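See the structures that follow.
Two complexes come next, and they have one chain in common, chain A, joined by chain B in the first and chain C in the second.
Right, the complex of A and B next:
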């Protein structure tokens, strides 16, 4: 049995790990909003945001290498961003013999800087919060309970269903079948259908088991996660500092008459 | 004294018209351990589903410690009847063992320290306390079945109903589960076709066959009656004789 999809979490006992999940979720969401609201020309502000995140990573003892490895998820966005200066229109500039669009360069920088900060913040959240705690936090933040329950069951049954899938593959291969080209798609598709039916039936049995233990449509509160004011304050450090930076920069620029 | 479980002329037909139960009568006293034996398709699972009101009787009644199963009594009935399903992966649906064992009592309204204590007690009774913070899918099959028993023990049931408790267990897990079940001070109805397991754990056995109770008596007597067993598609394993 694998635990492959839980790899984002790094167990630890730091102040960041100990914060209730809903505080961390809210902090990351507000931080992302502040980052997105920052005008793209304010390079120093983005640098300061990055330093704030580095501070969180150090406090949470999440090594830079592990953050970098997980950032591969951003690659599709990076590729998209890199393409914009080439396909963009408007004023052109010459960089190392290439003709690039100036608005395109700005757009690429905007996407890269903001996406990277958002991704790093999410990676730190996932590295310091168990998946199930994230879901408890989401529930406490009043996300739609049905969605949270679905995500919870996905987390629990992922391994069970993958194992079932593996057994079906072994059964196919034991009878001399290996999927090699497009002609084999119907066979694999039928297996997928069978897997769906099996999972659906398991869902029904799980529902019976839940009813048998008094389920009435909503998950009972098992762990009380009410955060203290201090914990909210601590979690607020990151978005609070970012917001102060944003407003401060804005104020200074207004004073000096810059746009 | 009120019986733990009383089933009176229970009949049931599935919505498609298939009649599964044709008038089942049985009575289990408090503290008894009873085996419900029967071949596949005898209606065992259908009967079990009636005991906590998942299916509602077409005719007849089910009474648990004096309380009849009805729409209004479902919540209390489901506390009183602890159903342990055959596949522990169906029963253990929460992310950790702790959350899973807490699910039932939390639905009953327990919170905080009282709830945590209930969880620890139930896990201690099945010898699984050290697994409290592990995810169920990291446990062995035998351990998962023991946790499944704990999930219903945490609701302090009047009667524990186990569906094929020995299925898929290796010999050591099978014996460990038997020791745990013997140590519990609770009424047990065990649905099985593992006849030696019934003999080991239950003084009394019922045979459900063709939707009615075909035999009711001491397990030893029933298992010694080769003709009776053969008449209901039940057989002792090769080389096994009732000692």
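Right, the complex of A and C next:
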């Protein structure tokens, strides 16, 4: 894949990179669930989650800058979250001359904290796991094999299709075309039509090529990915610590009679 | 519109996940009928196409640009089951490989952008094309299908937000703003879908799933003058069995529920619309931006859209669609001469 610039994967050889993909997938999914289940009033818990993720990033030698750069994906919802205190209902408070909704502030904090933790966890997963391995892991986690195969073909040919689209754009632009207003939609749409025909025909060729190489409906497994108990244990550190934090905080608060 | 973690509470995230899993399971079975044993490579390539097309910016109005959702487009080109699979795979890949959309919100995202857009789009498309079958009708139906699919998705988002959203925003406000802005985006999506389908129809009509049965049957003329008409199902690749009835009914149901919900807001909560006009700056930007106006430079212009007016247009269009649905259903009840 030449045009790998949009991929998040960073090659490396750290304990996090070496973990079997299905362990990492399960760990990130459980971690995200724990984060979403945490009540928003528990500020300390969210700080601890962030520290846990920072620990993973350090272990995996993923530089903070690269994580931050990739977090721009979150910006649309950050802006939405920032708007909630202004448009929210309920009790209002005055902050620096602005009238803000108190439940709105809570909601904004809730979305910001949980979405950010989720995005960082996903970035770390994608940065330490090769896309192909991630899909093999998904298959080991009993995802429908057909779905995994479709995703494999998509990943494999995504760059080809994107490159095809880029060439069409270059061709359009070298003839002086830029899409400025709604009247230019037909031009863009015809490119999309041509792109569909090319994608579909490529799919047919790929299928014929596969048949001629003996494809019978399932891809052969050429890699043994069976994780050891130790690897599961290592992968379970992140969600395990998060869960322990959640339950611990809950227990402490119950003990001190706080709601 | 990729929902991140923490936007919906755990209950809604998990139930939407169950809905998405069930929908994908149904479509895995259905896609085999649409694509035979070619499912994996074809759906994979179409998913890559959908992914690419979602990056295609098209100008909407007033300096804003929108992104294609592509659900209705995929449904018309490759069939509803395959379309849901493609959308689901695109969202999975975006969630896992690009950190776009939360992992716990994956179910919500697949439900909104995969199931709802395809169901609503394909339902509208079949309703129109089952009574009139011509190239023009297919292009027009593509426009209507894509137009309805975007606000349908936005309104189901609102419904989920009402059930288990984590922000205290008035539901009428959210519904009107989401419906209004997405109706505008839906017009762009409709235009681009219609022209795309028209282009494919002009060059490779055999590739458009929604246009099966449109081509003239293959006529074989022998040297001794005998003429054999080969039925379409016997030529080349086996044409899929038509099993669109559940999808059609589902689409009609979704459309009717949405129409009902929107008219409820229109009649029962007039100040909801006024509020949107007041708040248009914020929620208009948020909803529009969530759809993908990526550069911040576009951002200042988004407030220029009169969301209140767009909301009214949205309600009007949905009601018209509901009227068409009701009319079509009535006609089907009377005359059994329509092709199924």
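The rule is simple: the second predicted complex is superposed on the first by the 229 of 259 C-alpha atoms of A that agree within 3 Å, B and C clash if a C-alpha of one lies under 4 Å from a C-alpha of the other, contacts with A are read in each partner's own complex, and residues count from 1 in each chain.
Here is the rule we go by: a contact is a pair of C-beta atoms (placed from the backbone, for glycine too) under 8 Å apart; a residue touches a chain by one contact, two chains touch by 3 or more.
Only a predicted model underlies this, so the values are computations on that prediction, with no experimental measurement involved.
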| item | value |
| --- | --- |
| Which of chain B and chain C A:94 touches, first, second, both or neither | neither |
| Which of chain B and chain C A:226 touches, first, second, both or neither | neither |
| Touching partner for A:174 - first (chain B), second (chain C), both, neither | neither |
| Which of chain B and chain C A:188 touches, first, second, both or neither | second |
| Which superposed partner A:122 touches (first chain B, second chain C, both, neither) | second |
| First, second, both or neither for A:86, with chain B first and chain C second | second |
| Partner chain in contact with A:32 - chain B first, chain C second, else both or neither | second |
| Touching partner for A:149 - first (chain B), second (chain C), both, neither | second |
| Contacts of A:206 with chain B and chain C, given as first, second, both or neither | both |
| Which partner, chain B or chain C, touches more chain A residues | C |
| Footprint overlap on chain A, comparing chain B with chain C | 131, 152-153, 155-157, 160, 202, 206, 210 |
| Complex contacts: residues of chain A adjacent to chain B | 1, 3, 131-132, 135, 152-153, 155-157, 159-160, 202, 205-206, 208-216, 220-224 |
| Touching residues (chain side chain B, partner chain A) in the complex | 49, 52, 54, 75, 78-79, 81, 83, 85, 87, 89-91, 93-96, 98-99, 102-104, 106-108, 111-112, 115, 135-138, 151-152, 155 |
| List of chain A residues in touch with chain C within their complex | 6-8, 25, 28-29, 32-33, 35-37, 40, 70, 73-74, 76-77, 79-80, 83-84, 86-90, 101, 103-104, 107-108, 110-115, 117-119, 121-123, 125-126, 131, 134, 144, 146-147, 149-158, 160-162, 164-165, 179-182, 184-186, 188-197, 199-200, 202-204, 206-207, 210, 217 |
| For the chain C and chain A complex, residues of the former touching the latter | 3-7, 9-10, 13, 24-25, 28, 31, 37-49, 51-53, 55-61, 68, 73, 77-78, 85-86, 88-90, 92-93, 95-100, 102-105, 166-170, 173, 188, 191-200, 203-204, 207, 279, 282-283, 285-287, 289-290, 292 |
